[in-house]
Amino acid sequence: MKLVYFAWVRERIGKPEEELSPPAEVRTVAELAAWLAGRGEEYAYAFENPGIVRAAIDRKHVKPDAPIAGAREIAFFPPMTGG
Amino acid sequence: MKLVYFAWVRERIGKPEEELSPPAEVRTVAELAAWLAGRGEEYAYAFENPGIVRAAIDRKHVKPDAPIAGAREIAFFPPMTGG
Amino acid sequence: MDCPITVRIQPGPFDAAAEAARLSAGRTDVGAVVTFTGLCRAEAGRLAALELEHYPGMAEEEIRRVAEEAASRWPLMGVTAIHRHGRIPPGGDIVLVVTASAHRKAAFEAAEFLMDYLKTRAPFWKKEHHVDGSEGDWVAATDADDRAAERWRR
Amino acid sequence: MDCPITVRIQPGPFDAAAEAARLSAGRTDVGAVVTFTGLCRAEAGRLAALELEHYPGMAEEEIRRVAEEAASRWPLMGVTAIHRHGRIPPGGDIVLVVTASAHRKAAFEAAEFLMDYLKTRAPFWKKEHHVDGSEGDWVAATDADDRAAERWRR
């Protein structure tokens, strides 16, 4: 699946997007964030406070318990500050 | 003192303004309205429901119990519908 | 806080865009500008025009008092209120209120306050003119407008 | 109710006046138009610019969802929302919301709702650039914005 990152999540991870295939036991957005956090220092830094990072699946806001099965594009980003 | 009338108060009385000298016992806006209502059919019609007619003294909104002593210009008009 | 207040009563149309732009022009502390434009409705094709009568001496003074009260209640960086009088056809502009502030909450609240107070305190009266050429009634004040103004009382 | 919805995400400036005029042009049932413009503040001279990052795929879709919700909650006759991205200097426009309705209450409430939801749901992030040339921090989301959005929940 395609992962995309924005703002300081993007800066901490050091790339705007990547293709990854998480293992089958990673079922929800929260589990995906935890799995990513274990992939290295830069990911651990991005997800050091997992409660604050928001997510979208296929361009729609989702909660941490949302299942990721079938997702084409999952985004992680800080709370929004537009407007 | 100068009396000025607007909207249907003006139409009912039949003139936009006039100079009048009410007797000394007419002390408040409400008493002035009652005195005017006794001046003829057209005034009685304008003040037939005195509770609805609003007043201003020297271009400031006032309540019915406002004293009229010293007023240069007293206005009577319906509730406002601008904006 | 420096809050320039502009109030005008005029028969002709206003330029809402120019008035709004003027409140933030040349300054970098304004973060929010709210513009309200009130227009004449045709009322399902019934109306040929609204005629707005006003109290020439008092109208500008009263609107200025309302604008000054808004500037004292909210941290505004500019207030403009323009009210037309005379005959206005459907689709024509009647009233303009513009508020500028650092943040949107103050700008929104002040603009609503101004409109609610304008409706119930500014000495203007609307008379309807019908498309069949007949003169219609004076528009009646509404309870909804009174209630809207009432919520700002303190 | 016929409520045309226009949503645009763009790097360049917008013409607030033209957008507002478009919502009432050629119709005589609109009685109220509310325009909100959000601008970049200099923050007491500290900022050289704000840089707005956005999620290109999602930003327009999410704002359109918010606009459609506004049109379903209030009797609107038009909604326009335009959000810029990229580097915006102090005094520059960031966001525009325009709402049109027969009456002012709906137009005001819908415009405030749109702004509150845009602030907390539209995928945009602001980064500060300082006048001394240094890159500043990402702007933090505020509790006040969360509370403002919360009041519309039902």
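To keep things simple, chains are lettered A, B, C and D as they appear, and every chain counts its residues starting from 1.
Keep this in mind: a contact is a pair of C-beta atoms (placed from the backbone, for glycine too) under 8 Å apart; a residue touches a chain by one contact, two chains touch by 3 or more.
Here the structure is a predicted model, which is why all the values come from computation and not from measurement.
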Contacts common to subunit B and subunit C (chain labels)
none
Chain separated most widely from subunit D, comparing mean CA positions:
B
Using Cα averages as centroids, what's the distance between subunit A and subunit B in whole Å?
71
Here the gap between subunit B and subunit D, centre to centre from mean Cα coordinates and rounded to Å, is 48
Express in whole angstrom the distance between the two chain centres, defined as the mean CA positions of subunit A and subunit D.
26
Out of subunit C, which residues touch more than one other chain, so two or more?
38, 115
Flagged in subunit A as touching 2+ other chains are none
All pairs of touching chains?
A-D, B-C, C-D
Where on subunit A is subunit D touching in the complex?
4, 6-8, 56, 59-61, 73, 75, 77-83
Any idea which subunit D residues touch subunit A in the complex?
38, 52-55, 57-58, 61-62, 83, 94-95, 115, 118-127, 138-141
Residue positions on subunit C within touch of subunit D in the complex are 16-18, 20-21, 24, 26-42, 44-45, 90-91, 102, 104-105, 107-108, 111-112, 115, 144, 148
